[in-house]
C-alpha cells in the first residue's frame, strides 16, 4: 500500500446541490439557501428546507429523461445558506435582499431555496431594483394576499400583497391557488390574477415572452398535493402532481427568467424524505428547463 | 402600558372545530366527537381522531372557493368529545346513542367525528328512532358487512350488517367498497347495495331526494386513498381522491340529511398531519354543502 | 333508554391542565400558556409546549405520594394560551407582559407554560413592576446571559442578561448551568450567581425566606437530562434527574413565590411523549409544593 | 454449485424468543404472548408488545455475564401469541385463563408477555386454581388498586384489586409504586402491601422462601424509568433502572416461582427500539435467575 | 372451565404471508424472503422488507374483488427468510441462487420478496439455469443498467446489466423507467428494451405468450409513485399508481411465469405502514393473477 | 442599501465539526468521517453518523466548563467524509487504512467518526504501521472478540479480535464490556483485558503513561446507556453515563494518544437528536482533554 499525501485525499463535508459548482464567479446561475421560518403561523420548520434539499439531491440523477439534458452541462453554482437574524423578520429580509442584489448586480441569475414564502419578497424586491419592468409568476396553494396577518404585514400569508404593492396587480400571474379568505378570492377575481386554465395562463404569458420581459418565478411547494409532498407547513389537499406543475411551467422555457425560488419545504414533517426528493427533482427540472 | 383586567384577557385552552360556536342551543348542527377504538382489530388509535381534526382545522380556511361559501355563515356548534367507557363496547355504544338521541330530539342535526366505524351504529340507531323511514349512504373502502368478527357481532367489521338488520338492505347505498370477503361481495351483489357508477348512485338517490326522505351519511375516511390519508387503521390502496369523494357526495346537497359522521381517522399513523388536515377540509366542505 | 336533554350532556373539547378550574376569578394561582418560539436558533417547536403539557396531564394522577397532597385541594385555574404575534418578538413580549400584569394586578399568582425561555423576560418584568424587591431563581442548563445573539438582544440566549439589567446580578440565583460561553461563565463567577452546591443555594436563599421577599422561579426544562426529557430545543447532556430537581426546589416551599414558569418543552422532538408527562408531573409537584 | 433439496433449506419466518425451543412438550417453562390492550385508557398499543420483544431478542446475547449462565442451557419453549377476542374484555380474559391453566396443569411453569396489565389477572387466577396458597409479588409504577375505573372493574387500573379479592391483601407484596390516587395509597398503607425498602421486602419474602410457598411474579415494565423504557402506555417519571429492578428481584432466585409475566410494553411509542431490547434483556435475566 | 391440553393450544409466533401454507412440499408456488441490503448506496433498510410485508398482509383480505378470486384457493407456501451473509455481497448472492435453484429444481415456481434489487440477479440466474430460453420483464423506476457503481459491478444499480450479460438484451423488457444516466437511456434506446406504451409492451410480449416461453418477472416497488409507496430506498417522483401497475401486468395472466420477485421495500421510511400494505396487496393480486 | 460584491457574501453549505478549521495542513489533529455500515447485522444506519454529529455540533458550545478550555484554542481540522465502496467491506477497509496512513505519515493525529466499529480496524492498522509499540484502549458495551460472525471475519462483531491478532492481547485494555458470548468473556478473563474497576484500569495504564507509549483510543458509543444514546445499532441496557465515561477517560489526559475514534452512532434511531448531541459533546471533551 502506498500512502498518498494528505493533500491528495478528497473527502467532503457535505456536498452542495447535485452537480453544482462551488465557485460562483464563473456561474450563470447562483443558488442560495434562506433558512428562515420566523413568521410561520402554523408549523415551523422550513428553516431546515435548504439542507434537506441538498442532501436529497445526492439520490437524484443529474440527467433528465424528460428533457434529455444533464445538469453536468449547466453552468451554475451553489453558494450555500445565508446566516440570518432570528426573531427579527425585518432584519432577516434585509439580509436576504442584500445577498440577492449582489448576485443580480453581477449579471447573474438567482435560484433561491426557502425557507418560508416571505423570503420571496426581498428576492423579488432586489430583482425589481435591477429590472423595473419585472413580472412575477406565482405557483401556490394559498393566495398569500392578506393585507396583514396576526398583527403584522410581514408574514408569509401577506407576501404577494407586498409584491403587488411594489409591482402592481397586472404584473402578477397566480396559478394553483385553492385556499384563501373570501376577500382574497374577491381580490383575485377583481384583479384577474388567478389563472383559470392553462390556456389563459399561456395567453397572458405570451406578450411577456415576445418582449423578453424579465420574469421572476416563485414556487410555493404546497402547490403540489400533500400526498406527494407532505413535508410542508400548511398542507392543502387537492393539489397538483409534479407532472402537472412541470407542464404548467413549461411555457417559461423561452422566457427571460431572471430568478426563481422554491419555498416552504418543511422536511421534518416528512419522515420518508420523499418531499425533499421531489423538491430536488423539481429544481433539477427547472434548472434544465430555464437555466 | 395599561393593565387590562383579568376578565378582559381571552386566552383559549383549545379551540373547537374551525369557526364553530360553543353554544349548541342556537345551533342547527351539533358536532360531537366519539373517541372510541375498542373493537379495532389491526391498529388502534382512532380514539385520537376528534382531537386531531380540531387541531388541524386551525390551519384550514373557513372559506371554500369551490362552493363560494364560508363557515362563518353557518349555524353550528362543536360540543366536544363524549367521555366513553373503555373495555366495554356495549356500554360505550349505549352512551353514544343516548347523546345522539338528545341532539336529534331537539330537532337539531348531528355531525359525528370518530373514532372507529362502529360508532356509526348507535348514531344511526338514534336517527332511526327519530326518523323511521331513514336511509343510509355509506362511503367506505371496506364492506363492514360481516355477521361477526373475532367472536363478536359488535365490531367495526360488522357495523353495516347491524345497520342493515335495523333498516333493511334496501335502505343502504354503498360507495367505494374495494375490500371485503367473498361473502360480503356476494351479499352486496345480491342486495344491490354497492354502487357501480356515479350514475347508478344518482338514480338510486333520486327518489329519496324527491320525497325529502331523511338520510344519514356515514363516511369511513379510508375510502380516500392512503396516499392522501395514511392515518387510518386499515389502509386500503386504490382509493378515491378527496375531489372524487366530494363529487360523489355532491348530489346530497339537496338531500334531507339528518346527520352524518366521518370516522376512522387514526392520526398517530400519519406523522405529517396531512390526514387530519384532509378530514378537516372534508368536514368543512360537507358542512358547507349539506349544512 | 330515556333521552337526556342536550344541556345535560357534558362532552369536553379539550380539558385544561389536570384538575384546574376554568374560572380565574376565584383562583389563587392562574396558569397561562405562551406558545412562542420566535427567537429559537436551533430547533423551533416550543410553541407546541403548552398544548402538549395539558394533554399529557390527563395521564397523570392528581395525588402526589411524595407530598401526600392532591391537586383537587388546590385553588388554581388554567386560562389557556395567549394568541401571540408571529414574526415580531418585541410585540409578542409586550402581549405577554400585559397578560401577566393583569393577573398579578388582581393579587393572584402566575404559572406560565412556555414557549421558549424568552417569555420569562416579560413575565419577570411584570412581576418586578408589582414587586420592586423581586428576586429570581433560575434552573437551567444554559446560562442565557449573552449580551446579544445572532444580532439581537431579544433572544432566548440573552433572557437572563435582560433580567439582570432590570434587577441587578445580586437578585439572581442560577442552578444547574452546565453550558455557556467562556464569557458567560466568567460573568457568573464574577457575580457569584451560579450555585456550586445545594448548601450554597440554601444559604443564599435563607435571607429571602426569612424576609418573605417576593421570588420569581423560572425553570428551563433542559436542566433535566435529555434522557428523561428529549423534547427540548437545545438538549444538553449530563443534566439533573427530576428527583434531583425537586430536591433542589424544595427549600422554596416556604418562600414567597409570586410566580413561576416552566419553559422550553418542544414536544415534537419526543415521539414517546414522556417529556410532556415529565413536565406535567413537575408542574403538579411545583403547584403542590408552592401553591 | 450443487443444488440442495427443498427440504434441506432452513429459512425462518420469524424466530421465537431468543434461544427458545418450539416444542413445549419437553420444556419446563412455557412462554406465551397475550397481545391484548382492550382496557387501556390513555394510549393503546401494548398488543404489539410480544412481537416486538421477540424481534428485539434477536439482537441480545444468550449469555448473561452477570449470572455467568446461558439461555442455551435452559429448558424453555416459546409457543407464540394467543389469538384473543377484540372488544370483549371478559371473553379475552377467559381465553387467557384457559391457556394458562393448560400450561400449569401439565406441571410446567408459565412466562407471560403482555399486553396490558389486566392479562395478569387471569394468569394469577389460573395459578391460584393450581396453587391455593399462591402469593403474588408486583413490580409496578402504579398501584392498579382501583375498585373500578371508567365504569368497569375489568381494567388495567384495577387488576391488583381483583387479585387481592381473590388471594387476600396479605398475599400481595408491591414494589416501586410511585403513582396512584390518595385512596390507593391509603389502602396500601393500611394493608402494608407497599414495600418501603429492600430490607422490608426481603424480610417479608423470607417466610415464603423458607416454606417454598408458590409465588407468582408480575412486572409492569413501567416500574422502569421512562428514560430507559419510553415505550409504555402510561410513562411515570422517577422509576427504577434495570439494574435496580434486577437487584430487587434477586432474592426470588431461591423462590418457588410458578409463573411470571412482563407486561405493558407499548413498542410504537419508542421509535429507537430500546424499550423492547430492555424487556428482552429483562426476560433473559429473569429466565436465567428463576428458570 | 375445562382445561384443554397444552397440545390443543394453537398460539402463533408470527404468521407467514396471508393464507400461505407452511409446507412447501405440496405447493405449486414457494415464497422466500431475502433480507439483503448490502449494496444499497443511499438509504439502507430493505432487509426489513420481507418481515414488514408478512405483518402487513394480516390486515389485507384474502379475496380480490378485481379478480373474484381468493388466496385460500391457491396452492402456495411461505417458507420464510434466508439467513444471509452480511458484508460479503458475493457470498450472499450465492446463497440466494442456491435456494432458488432448489425450489425450481423440484418443478415449483418461485416468489421472492426483497431486499434490494440485486437479489433478483441470482434468482434470474437460477431460473436461467433451469430455463435456457428465459425472458425477463422488469418494472422499475430506475434503469439499473450501470456497468459498475461505486467501484463494484455487484450493486443494485447494476443488476439488470448483469442480467443482460447473461440473457442478452433482446430477452429484456423494461417498463416504467423514469430515472437513469444519459448512458443508460442511450443503451435502452439502442437496445429497444424500454417500452414506450402499453401497446408496444403487449406486442413485444405476444410472441412469448404464444410460444409459452418461460418468463421471470421482477418488480422494483419504486415503480409505484412515492406518494403511494414512500417506504423505499430511492424514491423517484412521477411513478405509477398500483392500478396502473396491475393493468400493465395483466397481459402476463396467460404467460408462463416461472418466478417473480417484488423488491426494494424499505419499511422504516414509511411510518404509516401503507407501503407494506401496498406491497402485500400487490403480491396478493400477482399471486391470484399469475399463480 | 449598498450592494456588497458577490465575493463578500459568506454563505455556508454545511459547516464542519464545531469550530474546526478546514485546512488540514496547519492542524495537529485531523478529523475524518467514515460513513460505513456494511457489516452491521442488526440495524444499519451508522453511515449517517458523521453527518449527524457535524450538524448536532452546531448546537453545542465551543467552551467546556468542566475543563475551562475552548475548542477555538485548539489546532484541528475537519476534512469531511471519505467516499467508500459499498457492498465490498474489504475494499472499504483498504480505503480507510490508506486515508488514515496519509494523515499519520505527516505527523498529525487522527480523529475518526464512524460508521460501524469495523472502521477502527484499518485505523488501528495504519497507526500500528506508524507506531509498532502501539497500545489500544477500547470503551464498548460489546466485546467484539468473535473469531467470525455470520460467515465472515470482517465484521463489527470481530473487530477487536482482528486487532488483537495484530498487536497481541497484552496491548489491549477493554472498559465497559457488558455483553458477549460465553467464549468472549472466557477469553477476556484468560487474557485479562477486561478492566474490573477504574483502579485496575489506572494501574494498567500507568506504565504506558510513564513511557509515553503511543495509544489508540476507540470508543463505541454504545458503552453509553441507551437512555442517553438510543441512536445506535445494538443498544445494550445498563451502560455508562457520559459523566462516567469522561471520568474513565480522564487518565488519558497525559497519555500519548496518536489517534482516536468514536463509532456506532446510528442517528435515524433517535428521532430526538440527543444521541448526536451527546456524541458531539463527547468529541468536544475528548478534543479538549487529549488534543
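We just call them A, B, C, D, E and F in the order they show up, numbering each chain from 1.
Here is the rule we use: a contact is a pair of C-beta atoms (placed from the backbone, for glycine too) under 8 Å apart; a residue touches a chain by one contact, two chains touch by 3 or more.
Computed from a prediction, not measured in an experiment: that's the story for all the values here.
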Fewest touching-chain hops separating chain A from chain E: 1
B-D, A-E or D-E - pair sharing over half of the A-F contact pairs: D-E
Of D-E and A-C, whichever chain pair has more C-beta contact pairs: D-E
Chain centre separation in whole Å, for chain F relative to chain E (CA means): 39
Separation of mean Cα positions, chain F and chain B [Å, integer]: 55
Residues of chain E engaged with two or more neighbouring chains: 225, 227, 271
Chain contact graph, described as a line, ring, star, complete graph or other shape: other
Touching residues on chain C, where the partner in the complex is chain F: 42-43, 177-182, 185, 225-227, 230-231, 234-238, 269-271
Touching residues on chain C, where the partner in the complex is chain B: 1, 3-16, 24-25, 30, 32-33, 51, 54-55, 78-83, 94, 97-99, 101-103, 105-106, 108
Touch list for chain E against partner chain B, complex: 58-63, 65, 68, 70, 225, 227-228, 241-243, 271-274, 277-278, 281
For the chain D and chain B complex, residues of the former touching the latter: 37-41, 44-45, 47, 85-89, 91, 118, 149-152, 154-155, 268
